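Just so it is clear, A, B, C, D, E and F label the chains in written order, and each chain counts residues from 1 on its own.
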């Protein structure tokens, strides 16, 4: 298996899933092609300016930045539906349309869900 | 607190939640007015003829029947959306429209989610 | 004194509800009686020895609530299924050796008793 | 021999995925190498002493799979957060005294190693 | 007698079916207060304020900051969200709902 | 060379967003096989067969019986669902997806 697609469709912070997906994607970078695909509520992860200090949990946008070599693609229709199109987004991500998102899934040897 | 509304919006068998909601509703029958409201995927619970023997888990429609005094209301729009209108349903339940469903929630002292 | 009951169905970390329940209970305990019923996966919350490197220790939060007077009970069926056994003896306010002090395993009927005696109920569930 | 890896993220009983993973693994073990990685709440699956009155014992299913040759590993961070500690010694194929035989706590890097060596991956998650 | 409100604590994202149910109940209540915590604060990005005219909306500061939700208008952000919420639920509340 | 399929294992109800994603991928695949297990069998009540022409559909017998889903047509119900699925995934599969 040479490539893995991590699919995150859960919002950050409300659940450990986003943190779990980021960590799993990060450890897979050594030796595999890794894509983290954000879909549905998962797209909330890319809003810039997250500050989770007072919540006492890891800052997930900082983690995104610290793995700059991780390819993160964001399903643009999900982003638009959620009213995020006008928001400032984390810079290291890639907005893609539905076709490109599905194609990235198809081009990976495996898909892991969060 | 004299009344409690248990809201189940999760499908049976795929999760322990339906079993948990039924048990919680059953123990509450002594001394309180109890309504079990099935909404969204929760409405799958009332399809007649369930046989979970081979799955090795409790038969949830049998549990429904065995608490005949439990008031079970089913959100009809959810049922129709899921293609269940032509199916034979468990007899001890009550189909209600959206207004009646929301009113039953409003008439209870508390709502507990599953 | 008015009574608030909080019903939880999710385990720690995978959802934030254990922490939210704790924040609600902390505030409520200043003036009211607080009951917490742990159902389904929530019976994992009071497990001893939790060591989350990046999150707040949910077990410690709950044993702290019990110290402040919250009545915290876990469903016996859900607990047994998940490997938490109720003993006959109670030690440090708990009847389960895998549980932190002050939190007991009890029958599901306890939920019904808690609800009957409550003025308000908050249910948190994924 | 081809290898199948199954990735789980949910605990037992609240979802059916532990049982489905077991059915898949049972079939696959007849011909293939099977790895199972337990992540997030799935680290609860191998807990000792589970006694579900109405459901199949998930822990026993998994220790049975390990006996038949499945490699089952739990994420160390997720396990520690939930109160399962990895010991230095391995006893009966496990390095955690709360776990059933044959199932070990290991680093998340093990997931990556499992994936690299796999022909196919099945991920089950709520 | 003091005024009594229907209090709604919403912790789900806008696309959750439970959010929809919550908003239906709010629109039927003549006297609702909506408390947004956790993922519920994302409703402020979808313009929930337009949907529920006449309902006072509160949001939890720590949850807004963690999720980088910048609120501009019509939302009360208490210093201690849970303290305000508990007082409202216990003292000024006809019915309390959580979703 | 043997024919290779895209294999989809779907365990979510029709209203799950993951089901929608699964069906999108199936409709793009020229050569898909859909395995319905657990809550996935409810798709047979919503007429999934009409949506995905040309895709072979398998369903798990125990899950159909537990959920009282009576299938009439166009669905293969193997004696041993998981055995057929594993062989398909390991031997006749280009890509395997689970949703």
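Heads up, the rule we're going with is that contacts are C-beta pairs under 8 Å (C-beta built on N, C-alpha and C of every residue); 3 or more make two chains touch, one makes a residue touch a chain.
Predicted model only: the values in this text are computed from it and were never measured.
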Contact-richer chain pair (by C-beta pairs counted) among D-F and B-C: B-C
Interface composition of copies chain C and chain D: same or different, split at half: same
Interchain centroid distance [CA atoms averaged], chain D/chain E, Å: 40
Euclidean distance of C-alpha centroids - chain A vs chain D, Å: 26
Gap in Å, rounded to a whole number, between the CA centres of chain E and chain B: 27
Residues of chain C touching at least two other chains: 13-14, 16, 40, 55, 77-78, 119-121, 123-124
Contacts with 2+ other chains: residues of chain F: 11, 15, 17, 38, 96, 98
Chain A: positions in contact with at least two other chains: 13-14, 16-17, 40, 57, 109-111, 113
Set of all touching chain pairs, with the criterion as stated earlier: A-C, A-D, A-E, A-F, B-C, B-D, B-E, B-F, C-D, C-E, D-F
Contacting residues of chain B [partner chain D, same complex]: 13-17, 19, 56-58
Complex contacts: residues of chain F adjacent to chain B: 11, 13-15, 38-39, 42, 45-47, 61-63, 65-70
Interface residues, chain D side, partner chain F - complex: 2, 4, 16-17, 20, 23-24, 26-28, 31-32, 119-124
Touching residues (chain side chain A, partner chain F) in the complex: 9, 39-40, 98, 102, 105-106, 109-111, 113
Complex contact set, residues of chain D against chain C: 11-14, 40-41, 44, 47-55, 59, 77-78, 80-85
